[in-house]
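Take a look at these structures.
Shared between the two complexes below is chain A, which has chain B as its partner in the first and chain C in the second.
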Partner chain A sequence: MSVLESERVGTDADAPGRTARTEARPRQRSQRNWFVLFVLPAVVLYALVLIGPTVFSIGVSLFQWNGLTPPEWRGLRNYEILFRDPVFLRSLVNTLVILLVGGAVIFIVGFFFAAFIRTMRGRNFIRSALFFPFIASPIALSIVWGVLFQYRGIVNTLLGELGIEPLEWLSSENIFKMAVTGTIWVSAGLYLTILLAGIDQIPPMYYEVAELEGASAFQRFRYVTLPLSWDVASVAAILWTIEALKLFDFLFAFGGATTTMPPVEIWNSSLFVYGQTFGDQVPAYRFGYASASAVLMLLLFGVIVVLLRRILRREPIEL
Partner chain B sequence: MKRSMARGTATAAALSLLLVGCSASPPDGSSGSGSEELVYWSMLTVDEPEVPILTAVFDEFEAETGITVNVQWQGRDVLQKVMAGMTTGNVPDLTDQDNNRLQGLLANNGAARDLSGLYERTVQGEDVTIGELVGDKYDPLTKGEDGAYFMLPFTLQPYVWWYNGANVPSLTDGAPSDWAGMDALLGELKAEGRAPLALDADHTDYDRAMVATAIVRAVGPGKLLEAVEDPTGDAWDTPEMREAVELFVDWAEQGFYAEGYDSSKWPAIQTEWAQNKADLLFLGGWTPNETRGYAADDMAYRAFNFPAVEEGGDTAVPVALNGFAIPTKAKNPEAAEQFLAFLYAKDPMSRLTTETLSLTVRSDIEVPADLQDIRDIVDQNAIYGVNDQVPAVVPNFDTTVFQPATQALVTGRLTTDEFIERMKTEQKQYWELNG
Partner chain C sequence: MSPQNTARAPRRAFQRATRSTPGRLFGWLPRLVIWLFVGFNLVVLAITLLSSVKTTKDIFAAPLGLPTTWEWGNWSTAWSNSGFAVGAINSLIVVGSASIAVVAIAAPAAYALSRMNVRWAKQLSTAFVLGIGIPPHIIIIPLFIEFSQLGLINSKLGLIIVYTGVSLPFAVFLLTGFMAAVPKEIEEAASLDGAGPIATLVRIFLPTVRNGLLTVFIITAVSLWNEVLIALTFVQSNDNFTLGFSLMSLLSAIQYSGADYGLLFAGVGIMLVPMLLLFVLLRRFVIEGMTLGVGK
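Right, the complex of A and B next:
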């Protein structure tokens, strides 16, 4: 029972007698004080490390500032420039591609695997194996991804054994596609695990009844799995949206070499912010401009998350 | 209850005080003992070969002067940490990086101390000043717009064509001196079934360095930077620029690069070069040090300067300097200068040159055979800042416009007209947005 609930229960119980109510007041006040004492550090911390910097970034986005010399007022000029900056627009498109294409693949593959391995023996092992990339360091995985697919890498060596000419997986034209594929590989395990957790809660009798009724595998998925795991899937979709916005380490390590930034072809919104501030050998230190891009992306993804919540909202189904 | 509340509050207050107390001590670990300690944030990481030698020098310096060097091996991002500390005053007394970053980050933001006095200081145990030792050759790269020295160069990285003298013995008799000779050489190597050029094209820094060097050969030192700063972008559309760009279109068309150069991860192709699977590698003076761990047994590091466009044309060497700077907010700059006068003595410089294969600014030190070619190239030619200083002066343009275009060029995705048009259009747009 929470502090608030105990407070409410206490008040109701004491309601008939004025004396009892008077006696209860000091206890309520004391409980309130404890409540404030426990909650205050979290609120202060949240305000300091999240709300404060966000408000600060919004303020900085209206200035031209390199972090050292006094900031110069720019008003909305940073935002105007962003909408005409081809590098930002490309980063924005890349972010949306990662969100939509990556998301579609992750959820299709996730549902497929989840439905497929639901009844398999050794499914815990498969689940762990698929989850593994998510717990490994994205930096290490990006190196593995490069080693696998570079020209004289493992994949081309295996293809060579089959008599297939080596493919240029990591050429400038393909690098973004490979980065998105790698991102899917790294992230899919988490969403598969979340979806599996939701599907595990579905009582087997629903599947048994559906089978008796002659439902095909797709129909069982369409009429049993999907509706009964919808809540979990919608939470996973929102988590993926946030992850797609924040994606940084895998792209940075996969596309970059030593201390250089990855090519602009694979920049997403996070890499754009980094590229405009601390990235590359001689950092640009354009904090105002970078903040404006971060604020825009925050707004855009805020809208996307709200829309997603509305689109995915369903009446809860009692199992 | 009141007592327990009070106890809780007191505990929270004590914890807060403890936290404040922790954060109040200097994060650099300095004891605040003033002139007895020198705080040095290095661009090196602790596993690099220079570290044991420098550590020995620190001990010798302390024995000689009583000043302890409190070093932090910060790595290549050291200046970002220095700049972050400039607002709070938590900066080292001494730091180091290359001239592009020292200029772009420290000097251009007024955060580098004028080192003119240091240049007048006598080298420890020698009858010569640091300025006399270094000479004025590097002044264009070590002086800011105000004419003050913002850095003291230490080692230099000339960008040259590297080859294995044992693998391409014909080159030791005479390297190409103009572009026609270079093309002929590449054609001959290709005809022999070899891979003439090694390039890790995913390393856009290397793509840009090679293209920028050719452009500077064609238009002259300082003119590439001028072209980049032209808000109309028209400066790209000249016969000289076209000639330089055409060189790379031709090399890609002829298939001079090692197979897979556009779809490998650095240092895959560099490794192939070191193992004699490709012949020429355009890279900085660090190449022997970086590749010797995996080089072929017969590796004999040889180098030649990027040829002039035509015989007798410009042959200035693109050079990056690594060196030291003292932040304006350094607490103990005198100790930093004293240390540098100690470090620049012949003995420590010789040890660094020999054991780490680093070319230093002291040209009176004997160099190992692997560095002899680049020593000669630097001594016999003028120098200029690699990439014509574009990354230092307009870093954002370099990252978002110039580097991507040069990568597209060397990987054969652009014709000469397309490259020129792309640079004109994107540069014009860049300056419209950022001018």
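Right, the complex of A and C next:
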């Protein structure tokens, strides 16, 4: 498949370009004008809403600024203070825990489930039921998750019927674990579905051969499933990294509300930014400081994505 | 086992012996675990919908039971008294406009990026892909300031512009994939007929990739319907609230004024049911759209 694709891309890129250059210069120029016309609205909006503000944030991160009084130059001081701010460090650690622990669980469970769902009866139904939380509103699911596990909540009621004492699911030691578990619950369906789609592309022949050779379930997974769905899995891993950095809604609604922030125990990078600026009853409006934290996290995650790509890249396997 | 096979027989037997226990264990245990997870999701959905027509007392006394009295009033109270009607209409306007704008802007861009031989097309595609990685929380501060000066804070138009912008990178990325998959012959036939770029795009490409357009529309609509961070930052007055904001307000009201959990679940239901219906009706587009971009 990859061979076919690269061949097609090759001819696309070479042949028409060359003929156009030698035969029809004016036509190429008009094509360039059309290109600009087609791309321009998207580029303008992209620059206005995403690129511009990101660059602006890098600038703001060097100032102390509340948005009203003139900004005051601080250089890298905001960044220095961040590393001594326990709330930021907590948010940083939480973000990384969500990325690494959440990611490990999602991908292990995802691979495990996908490998079995492949041959199960009712697989479309299973896939849909596990996928649905991903498109449901995270704040709605977060509220449900909270009511399920609050002290006088639904889970403790059900446990009580079995004669089990109520548990402190949402105590300050446990609340972050429950938030991560909830995040996994909400997100896993997407990655499971992606992995399943990747595994579906593997020709069944390989499994038949492996079975004839007497490969165990684990060996079939190790030598057929894993290598042949590696590319899909590595893209999914990068997608998860991005989503882990963006995560806001589920954590925010897990103990927060329109004018209150959730407890610091479950803050991550985006909650930190919101908490330092617009969130809370008395908004802090620390634009410079919050921007510094956002820029730092974006840098860190940029590095993580580059490293992941390097680690996960390998020679393509041709089917 | 015949005597001729003796050389291989012990190995086979060994393999079968070592495989059989975990093999049989692997037969039903994973299936059971998977069905337990499926069951969990279904039970949670059932509890949510049932609780939305219960009294608070019923919700916690018998979470899995049917309501003793059916409190349909929860839904109408949430709808008219807790601002969900306004939120739903605003969400429809904002999400609908932004999703249409996203498709209308991303489709020509994706066509140009995947089909026109222009230098920088590749680099520009990469630039759009990188945009997928920009988290909303790094852009809300500058956008808040920029839009305050433009008078676009607390307006539906401002929210539509931001929503369109943040959704573009993924839409362009997905549509580029769809456009690139259109066979070259179709395009050549069009250009032999003397069709210009606009005619080729509108008459050939858009109809050919209409499933892709629908997919992008649905994915954009779903993610914007659920969005709250940008809405919380940009919307300040009651008449511009989106549905997510209504739900968060109801949550705060309940935290302060004592708990009417039936009402809260009705609010959750108003937020969830449209997505549930959409999912049941258009599941194929949603799932394929979300996995396709990665699979390609």
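As a working rule, the second predicted complex is superposed on the first by the 294 of 319 C-alpha atoms of A that agree within 3 Å, B and C clash if a C-alpha of one lies under 4 Å from a C-alpha of the other, contacts with A are read in each partner's own complex, and residues count from 1 in each chain.
As a working rule, contacts are C-beta pairs under 8 Å (C-beta built on N, C-alpha and C of every residue); 3 or more make two chains touch, one makes a residue touch a chain.
Keep in mind that this is a model prediction, so the values were computed, not measured.
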### Query
Taking the superposition as given, does A:R84 touch the first partner, chain B, the second, chain C, both, or neither?
first
#### Entry: Touched chain A residues, chain B compared with chain C
C
### Query
Of the two partner chains, chain B (first) and chain C (second), which one does A:S270 touch, if any: first, second, both, or neither?
second
### Query
If you stack the two complexes on chain A, which partner ends up touching A:S57: first (chain B), second (chain C), both, or neither?
second
#### Entry: First (chain B), second (chain C), both or neither touched by A:F131
second
### Query
Of the partners chain B and chain C, which touch A:T258 in the superposed model: first, second, both, neither?
both
### Query
Hey, what residues of chain A end up touching chain B and chain C alike?
34, 37, 41, 67, 147, 152, 257-260, 278-279
### Task
Spell out the part of chain A that touches chain B in their complex, as residue ranges.
30, 33-34, 37, 41, 66-69, 81, 84-87, 146-147, 150-152, 166, 168-175, 255, 257-261, 263-265, 275-276, 278-286
### Task
Would you tell me which residues of chain C are touching chain A in their complex?
12, 15, 18-19, 22-23, 26, 30-31, 34-35, 37-38, 41-42, 44-45, 47-48, 51, 59-61, 63-64, 105-106, 108-109, 111-113, 116-118, 121, 124, 127-128, 131-146, 161-162, 164-166, 168-169, 172, 184, 196-198, 201, 222, 225-229, 232-233, 244-245, 247-249, 251-252, 255, 261, 264-265, 268, 271-272, 275-276, 278-279, 283, 286-287, 290-292, 294-295
### Message
Which stretch or stretches of chain A touch chain C in the complex?
### Response
12-13, 16-17, 20, 28, 31-32, 34-35, 37-39, 41-43, 45-46, 48-54, 56-57, 60, 67, 112-113, 116-117, 120, 125-140, 143-144, 147-148, 152-154, 157-158, 190, 193-194, 197-198, 201, 214, 216-218, 232, 235-236, 239, 242, 245-246, 248-249, 252-253, 257-260, 269-270, 273-274, 277-279, 287, 290-291, 294-295, 297-298, 301-302, 305
## Note on the structure
Touching chain A in the complex, chain B uses residues 1, 5, 8-9, 12, 76-77, 80, 83-84, 86-87, 98, 100-101, 104-105, 109-111, 200-205, 259-260, 262-266, 268, 391-392, 395-396, 398-400, 403-404, 407-408, 411, 413, 426, 429, 433-434
